[in-house]
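Chain naming follows the written order as A, B, C and D, and within any one chain the residues start at number 1.
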């Protein structure tokens, strides 16, 4: 993929050539073509492994918390949606901005390999994108499909493209009856295996020590021992990132159990927008978030009791 | 006898919704009443009489039927006691005791009196039309 | 492990009648950490306290739980007792088994069960308590008095006499307040001006008192001992330092259509004016809404005639900032608006007036020169009717639910003065109750009735109808059980009083609480009547509740003593229950800084040794002298680094667990 | 064998701010204004001290309702605490609702030190709601519950 009509790899090479930074945070090819993973490159020759294609979904911002603290300026490649997380982390002083060279790169949506497979396409050897179409080389010959159909969940409602209504599903759940909502989340959250992937990938979860790992916090636990803890973990996580979550969608992308965790965060974002005015965390790196500010005439908590939605 | 009056007083308080204990005996109802000159018992006493279960005396008073139901006393009472509502309730009790609930329409013209205030008529319709 | 002692108080029968004390004592013996559990009739008594002290020594206790009344009542008492026995005073927890249990539950089993839960909750918390040491902070030796009426003047004088600097902020151009408008004062009938103006002069001339008139408080920050107050000095358009107060400007001013506020709108004043002859400071002010110069740009006559060249049309509002150790609220009252009381025809007839208007009419310096004349035709009245409780004791929402307290007495005063000066005038007073508690008050009222022949009618006025130049007053006479109609020339309404409108915004600025009627709330209705619940804020006069002049002065002096007591301290002991950050957990995210109302949190770059490597991290630090311990920061801290001493996350969760066990 | 149905005795945790609501509760006590004994009060310095974790903890340990009472907006002893609490609790309650927890189990009310009557009314009303809802079965650690009949 390209940015300003130049391959991103070229941009990366230029950074080293012109000595703009000592290290570059980007993606390198994994064992399979679809599991590109974040990597730090410290020399031009390491860039052979550099890759930027339709499988670079992972958000690099969080890695800067550790990497930017190290010696030497680091360049980071930020897709438009990753930029929000980057700003939010800068705002919270988690990233030393001075030590980072942020490079914004274009993105036209990342592909979910499972969705391609779900179309019944088997024996995939490689996938290349050509505009809206994907060309898929398989052991059974070439196949085609529309890229739109196989985008990552988070890319389907991309904030920077005219995507679908990102709150549509949230609204659907709101309209359920209280019992249905309960059953819905029970069936989803009972799948949780407490692998902590959602927390570990979340750019808003960068605490020095997570409360779930801190046995003095009173809520520390390593595994869900009953249904309450399955919910508790996700509720507390959603509350901790409330007002700071940029809706990057990484939680749902990495969940091995396919739990739509982003819906919880989106519910919070939707509420914050409705109650306290539109707010996009990470839209800038200085504004004060909705849960650390207030207005004298804020809605009263009983709005939850009295507003619509299923009961 | 007293017990009967007590029960009646309770009924009156209940159907009128008036808490007679709220009265602080300021007399603004009597001060306000436009029909006071016709009354043998002043409006402020309605309240204390119901409070003290003196229903028989109230039922046989002229005042009961002289009240115009103009609600001036209700409007101006500083404690929200609503003496006129009390009178309405006493009237209803009295009417019920006479075993008839309503006037028959054909009987009304003969009862009409030119001196009767319009307000009283309207009030009567409001009360007895249901 | 703690060694906890539990002490269960009977409070006479207050607790023991509903809670089975033995059950609580026995149950507590089984709680973790408890090594001693006993009971006594009155724990707060000296005998009770000595039991606590002895038990602490005897059992080598590390903390105590007292199951008694509200901690708001006796927490300090028991802390002192613990301290006397060598225990840290913050190793004391109170289980409120009186107000929150014995007094509200009738069923003995239920109440006892609850008392056990409350007691074990306190034990659970105490198990996690740590000894705390209070910090200290400095006291700014200067007081602010807000309001320059008799209450504010008296408080200021007393504080100043004790040797401390006081500023009086008054929103009107002059100090004096409502008392300056009064004619005579009950029950001695001294002239209000004769006793007030010397005090005004004394305040103005006192070395320690600084008058800031025509000014309002803009904002307040800080805390007891160290408030920072911004005061807005409104533009007078007159240079106060060079004005000689000669008054030529007010005479020559061509704009004379403004209603005189001081005379309750009964006559007019000029656009540049001095509210009244004895005003202090004796400096005029330009009413910019009325001034021709400000309205059209032409005129400026006052500037031309001023011999001192003191007129300054370009003057701007000025903000001054000052630090204070204590604040006295003396914002006073105003009569309510009578919009909800059409029946008295106040708006319809000029001859229906409020009592405060009558004060001005009776006053020798008032609009009629002290002659009692009907406002409508300036004729001598022959019959006057006074109506009591206009808007007071009204639960319908039209008026105020409370008794305004001063009306009975001033009405007796008015009636008496009128009968004395004009024996030809018939005076009728409609009353619901005549309330005269106070020294020589009832005698005064009886004199009005017995010696001066004032006709007191037990009843209320239902309607005042202006008819052919007269006022037809329809009222009730409950003793005679009849309706009466009086043809009156004037009707005087004893209008309810309410707190001044500035009370509400000041309450917000100072975080001083107000009640549903906007009167300031006292820290304790009986035992701390001149203090606001907010430390360093004191109450003086009617802003706390209706009261007459002697009571106001008494309260003003009481508040002054409290202020002096505070200012005389060099250091204040601060609350040790403040926030603190665990630097190892702190992310440096600034969330806590955003929500701190006191700006008590700073961030520093600090070196840490982590796994043998030096790392510089940004961490939060709490200024313990500034922190007031609200705990807002603890909740926004995602990592739980920020915690509140005395109310830690673990302690509160232990309480939750103990309740839900 | 007869199974006696145990009468539902709810457990309600009330977090009261020290300056207004706790004092309001004291006044309710002084005025002998009754409210059910199932309501147990925890004193916190300010409604903004109430961490949503505490609310969840209470539910975990078997509470059937949680109420947070603070000073009226504008009257906070600490100027702004209750404004923050208002936002936080609104968000928490909305989230609990989203998870299918009955809305009526949580409540925030503003009770001043002078409002003993209001304190008692609010508590009676809240307790009534919880009685109507019955036991909290959707949220809570089953291991902490003894009364669940399966």
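FYI, contacts are C-beta pairs under 8 Å (C-beta built on N, C-alpha and C of every residue); 3 or more make two chains touch, one makes a residue touch a chain.
Keep in mind that what you see is a predicted model, and the values were worked out from it rather than measured.
S.K.: Using the contact definition stated above, find the chains touching both subunit B and subunit D.
M.R.: Looking at subunit D and subunit B together, the chains touching each of them are C.
S.K.: If you check the contacts of subunit B and subunit C, which chains show up for both?
M.R.: Touching subunit B as well as subunit C, we find no chain at all.
S.K.: Per the centroid of Cα atoms for each chain, what is the distance between subunit A and subunit D, given in Å?
M.R.: That pair's centroid distance is 36 Å.
S.K.: Just give me the whole-number Å value for how far the CA centre of subunit A lies from that of subunit B.
M.R.: 74
S.K.: Using CA atom averages as chain centres, what separation in Å is found between subunit C and subunit D?
M.R.: Comparing mean C-alpha positions, subunit D is 31 Å from subunit C.
S.K.: Measuring from the mean C-alpha position of subunit A to the mean C-alpha position of subunit C, what distance in angstrom results?
M.R.: Inter-chain centre distance comes to 54 Å.
S.K.: Give me the residue numbers in subunit C that touch at least two other chains, ranges are fine.
M.R.: 595, 636, 649, 653
S.K.: Two-or-more-chain contact residues of subunit D, please, as numbers and ranges.
M.R.: Where subunit D meets two or more other chains at a single residue, that happens at 52-53, 57, 74, 80, 84, 88.
S.K.: I need the residues of subunit B touching at least two other chains; which ones are they?
M.R.: Subunit B, residues with two or more chain partners: not present.
S.K.: Please list each pair of chains that are touching.
M.R.: By the stated definition, chains touch in these pairs: A-C, A-D, B-C, C-D.
S.K.: Please name which positions on subunit A make contact with subunit D in the complex.
M.R.: 173-174, 178-186, 218-219, 225-229, 231-232, 235-236, 238-239, 242, 264, 267-268, 271-272, 275-276, 290-292, 294-296, 298-305, 309, 311
S.K.: Please output the residues of subunit D touching subunit C within their complex, sorted ascending.
M.R.: Within the complex, subunit D contacts subunit C at residues 11, 13, 18-20, 22-23, 25-26, 28-30, 32-35, 37, 40-46, 48-54, 57-58, 61-63, 71, 74-81, 84, 88, 112-115, 120, 144.
S.K.: Would you pull the subunit C residues touching subunit A in the complex into a rising list?
M.R.: Residues in contact with subunit A: 584-591, 594-595, 603, 615, 618, 636, 638-641, 649-650, 653.
S.K.: Within the complex, which stretch of subunit D touches subunit A?
M.R.: Of all residues in subunit D, those touching subunit A are 52-53, 56-57, 59-60, 73-74, 80, 83-84, 86-104, 106-108, 138-143.
S.K.: How about subunit C: which of its residues touch subunit D in the complex?
M.R.: 70-73, 96, 98-101, 103-107, 110-111, 113-114, 117-118, 121, 507-508, 511, 513-516, 521, 533-534, 577, 595, 597, 628-632, 634-636, 644, 647, 649, 652-653, 655-657, 659-661
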